[in-house]
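Okay, got some structures for you below.
Here subunit A shows up in two complexes: once beside subunit B, once beside subunit C.
Showing the complex of A and B:
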């Protein structure tokens, strides 16, 4: 893609990841050889159905669930929509109140907007300056109309690891059934996820954030949890996702999950080392920076997010891109908008500082050399941009 | 997949097709190299966005549409659901009456069931013994509450080519806007599809029926046609299909469409020759058979469907599978049910005859040798099954 000899350092793994070689190898036989339709009872069809069942087994094991509790979807956004609206519609006779936080992924927020237009009431719990959800406010906000709580285990923008076990405990203590959905898309394979320990009812996952292919997500749905489908049509394997399954994609997702799960401890240790190396390097070499989100254990091992005052995140992103370094700015999922990130606003960051937020998201496939390359390039990029900026960093 | 040296003859291309080699080759760079997220403004993201735009252009050209009229979905079923329910919900203030036929694909029928439970009224137009829709009944059934008509251009089970241009004319003649959706999944690349000539508003397509990958469909939506989304979440490129796009799958779909479109006339000629060779062979070598659907030009070049009286379709399918010949029985999309096909019931076939229906669906990748092999194997399979059948073919 680049025409000269230059290092590449991809640090936008929170947006998407390249498919791992082993994952692609696992997928390949399902395009041209085992290409059967899982609905069919002859051998080619059986092979496809078995591949999906094996994939359910593999994914379920990584979150301590049962195979039949896994439904494959076409992306993580579809999983979130299905979980939240599916549970809301199925329980609308029990209540119309939904609780989430004000730092959720845009997908959660748009699904909640839709529910508000359908007559549901949604409360957005505030977070502290580190992005941690206010558990006292959560307790006070739950009422006898509350049917659903949705929280991400890891904030995809500033890396805050939420106390979802505490949230789960509060939700369970209410003495009546309130559904609890965890958006685990940013957290999966970065922090441990155990649906049994958590007591979560629904959990959303996505393949392309863990070196699996785009076009596949999964929804964990605790056995006995009934939600309303959002889509209709002929059913091959799951009534919650009608139509022909993306067999190769599902197989690839399972392979990616298996690889990452087998090496989970090693991967986390590696990401932590890279994260600390990057943060230390930035703080030693740069000035007028501001870290977004917590330090230490309450931060995802994969996330580094700083504002470099006086410059625009978009300009940083494009300049770094020219140097072969990929990062995100603001929320990865709202990059064609010009509003400051709702997450940064929620943790009290001024718009002019939020605009310079630069997010590095690390994967276990990154290397110390890539971190060092980014650290070599970054100060010059910021310095040059500050020279042409009308705003002075020291005045912000 | 088979352990001995045996010919394989895959004649279930109406259910799914193997991915063409050129299609897989076109997809491969989008897994590990051009793996960017289309929402992102840096180079990797731009490449992904451009790949999707190029794919829209390619697909649109094959049906004489404009690139921006193509929305990619996760499968053909999703396209159908989005078209029919999306248009119905968007127009519910104008009326609640929907018209389709009683030989539509199970996806269409289940979407219509859902609409009936939502308060819509659905009328199912009858077909004649060849499966051709009754245009007089259609005219009489349209009323001032009618908002949508949905018809497949080719019946996926018995291959009837519907007079969709006649249907379109009738729909347009009403003097007020009635939406017209064509399910072109079975017909795409088997019969010509021209959205301008037809004046259709919406048209559903699927990749894996034309040697593209599973996990991708498309919906053509005429410019200015507003439908309600069925899914919500963050939007990367299309508000009708939120979430991260299956970039590699979309590229594969476009490649498959381009290949099939470039060779359309040659492919159709080839399928027609294979179809006639298979039908002639069956009628010469077999007894007590019954052809389902029309002969000649009103039949899809890809479809051959016969009942072999006195035997079960499922038994035929499994015995042929052992010989390396893949076929479908009843409706390809309802093969784990035991009810006789609703299409065969609609054309007046008795249940005991419908149960022995055996569908061969041909692709341009099939060969005369494969047809001859199927013809070599078929009489023995039927003869053996008839020997153990409690019902005599001559009594049916």
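Showing the complex of A and C:
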């Protein structure tokens, strides 16, 4: 089901990205030449241990942390689980109340479900029509049993940039220790992240969203922050994540972070130009569309999400795929459940409109030509599907 | 909390279904249909309309419109393709299995979407029977 004989425009970088060439080159020696285990005290092992330490240093610099504050994990989902459950279990004597928002990624929501079944109480703060968290409700929801607050800095579906510094300030104002976790997976290398300025305790990252390899994530853990490990076993370098490290993957993650960080300003500028080009093109050429999430600075430079009324998202996704354009959808039909995206529901989008949501996620590797190609293809796909729909776009 | 495991096959479409989705047969409005039926719920992300032209108890033409996913569009095309040329009695005996098999099967998670075309056909035939009374 691949159509490589035509132009391809990959706009699902929020789901995953291709590994950058420099990243692959950096990784390759760690499969065969420098294959050592970091616990070896002889040179091969030391090289591996040093490679991990170098990687900690590189990644810590990108978020203004210290190298020893970086723990490598197997993916972003594991980072989030370790942060949230690890902090909850370590603090259960101090309280059982956790606060997050109703637009978090399933990786956060599922962990919260698990904690609720463990006897914790979780409150989900509402968001406004643009997906911005209600800070007043947050203030009112914090109580003397609250031990943890978790918010993503960028919403992965609709691109809302959350006021995480405001959230951090509210959390710190309480006068007693409440852990603050930021899921920065969708925001990393799209918006600036500075753990010192933010005053965050834990922050989750993932490699494969920034042109690094799959199977590697990182958890920033502020020095002195104690959380409970979720896994036990042989400790190689970190007691929080026992077992043999994915050395090549970690090296690749660091390389990807270094590349993206060195070119951060240029990359953001490029993504913004592509985002505006795509949004302008859609709004000029299409009818009966609805933008999800904010415009301007409160929107991630990487995210474009519209509903094209009267047509179903999965059909849009697959028709675009046939034309070589990769996107994601908020439609229920693309998932196991028959409900539309919880994020679109949370910002007040009617289900029949949420089912038409089409998400384009941009990377600095995309080009204006790819945007133009998507814009050439999109109107025909939507028009064609509207023609065969019994629902009139203007009635929705 | 029970663990869930997502089988790749639960969401994977057959090549035949994708072909039918790419170029669906019998799609569009019909002028002067003998009978029309609607099913589905836009809030659940699907809506389906079927038109049948019936002459001397034989379905001479069948068309459909769909606000639905690829499975929905493809099964709509398959269903209308199967009923064309059949008598109303024969059409009433069509099973959902016949429809999905004509598309080399459907991912289990998509059965819901396929049922819609089938349910609309049943409703159209019921409407026709009522008209005959």
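One rule holds for everything that comes next: the second predicted complex is superposed on the first by the 384 of 396 C-alpha atoms of A that agree within 3 Å, B and C clash if a C-alpha of one lies under 4 Å from a C-alpha of the other, contacts with A are read in each partner's own complex, and residues count from 1 in each chain.
Quick note on the criterion: a residue touches a chain if its C-beta (ideal position, glycine included) is under 8 Å from a C-beta of that chain, and two chains touch if they have at least 3 such contacts.
Since this is a predicted model, take the numbers as computed values, not measurements.
**Student:** Answer with first, second, both or neither: which of subunit B and subunit C does A:104 touch in the superposed model?
**Tutor:** neither
**Student:** For A:318, decide between first (touching subunit B), second (touching subunit C), both and neither.
**Tutor:** Touch status of A:318: both partners.
**Student:** In the superposed arrangement, which partner chain does A:370 touch: subunit B (first), subunit C (second), both, or neither?
**Tutor:** A:370 contacts neither subunit B nor subunit C.
**Student:** Is A:123 touching anything from subunit B or subunit C once the two structures are fitted on A? First, second, both or neither.
**Tutor:** neither
**Student:** Applying the document's definition of touch, where does A:114 land relative to subunit B and subunit C: first, second, both, or neither?
**Tutor:** both
**Student:** Which chain makes contact with more of the residues of subunit A, subunit B or else subunit C?
**Tutor:** B
**Student:** Between subunit B (first) and subunit C (second), which, if any, makes contact with A:310: first, second, both or neither?
**Tutor:** Second partner only, subunit C.
**Student:** After the superposition on A, what does A:17 contact: first (subunit B), second (subunit C), both or neither?
**Tutor:** Touch partner of A:17: subunit B, not subunit C.
**Student:** For A:41, using the defined touch cut-off, is the partner it touches subunit B, subunit C, both, or neither? Pick first, second, both or neither.
**Tutor:** first
**Student:** State whether A:233 touches subunit B only (first), subunit C only (second), both chains, or neither.
**Tutor:** In the superposition, A:233 touches subunit B alone.
**Student:** Residue overlap on subunit A between the subunit B contact set and the subunit C contact set?
**Tutor:** Comparing the two interfaces on subunit A, one with subunit B and one with subunit C, the shared residues are 1, 113-114, 314, 318, 332-334, 336.
**Student:** Which of the residues in subunit C come into contact with subunit A in the complex?
**Tutor:** 1, 6, 10, 13, 15, 18, 21-22, 24, 27-28, 38, 42-49, 65-73, 109-110, 112-113
**Student:** Which part of subunit B faces subunit A closely enough to touch in the complex?
**Tutor:** My answer: residues 1, 10, 12, 15-19, 21, 24, 28, 31-37, 39-44, 47, 73-78, 80-81, 85, 105-107, 110-111, 113-114, 206, 208, 213-217, 230-235, 242-249, 314, 317-318, 320-321, 326, 328, 332-336.
**Student:** Touching residues of subunit A toward subunit C in the complex: what are they?
**Tutor:** Interface residues on subunit A, with respect to subunit C: 1, 113-114, 117, 310-315, 318, 322, 331-334, 336, 338, 340, 350-352, 355, 387-391, 396.
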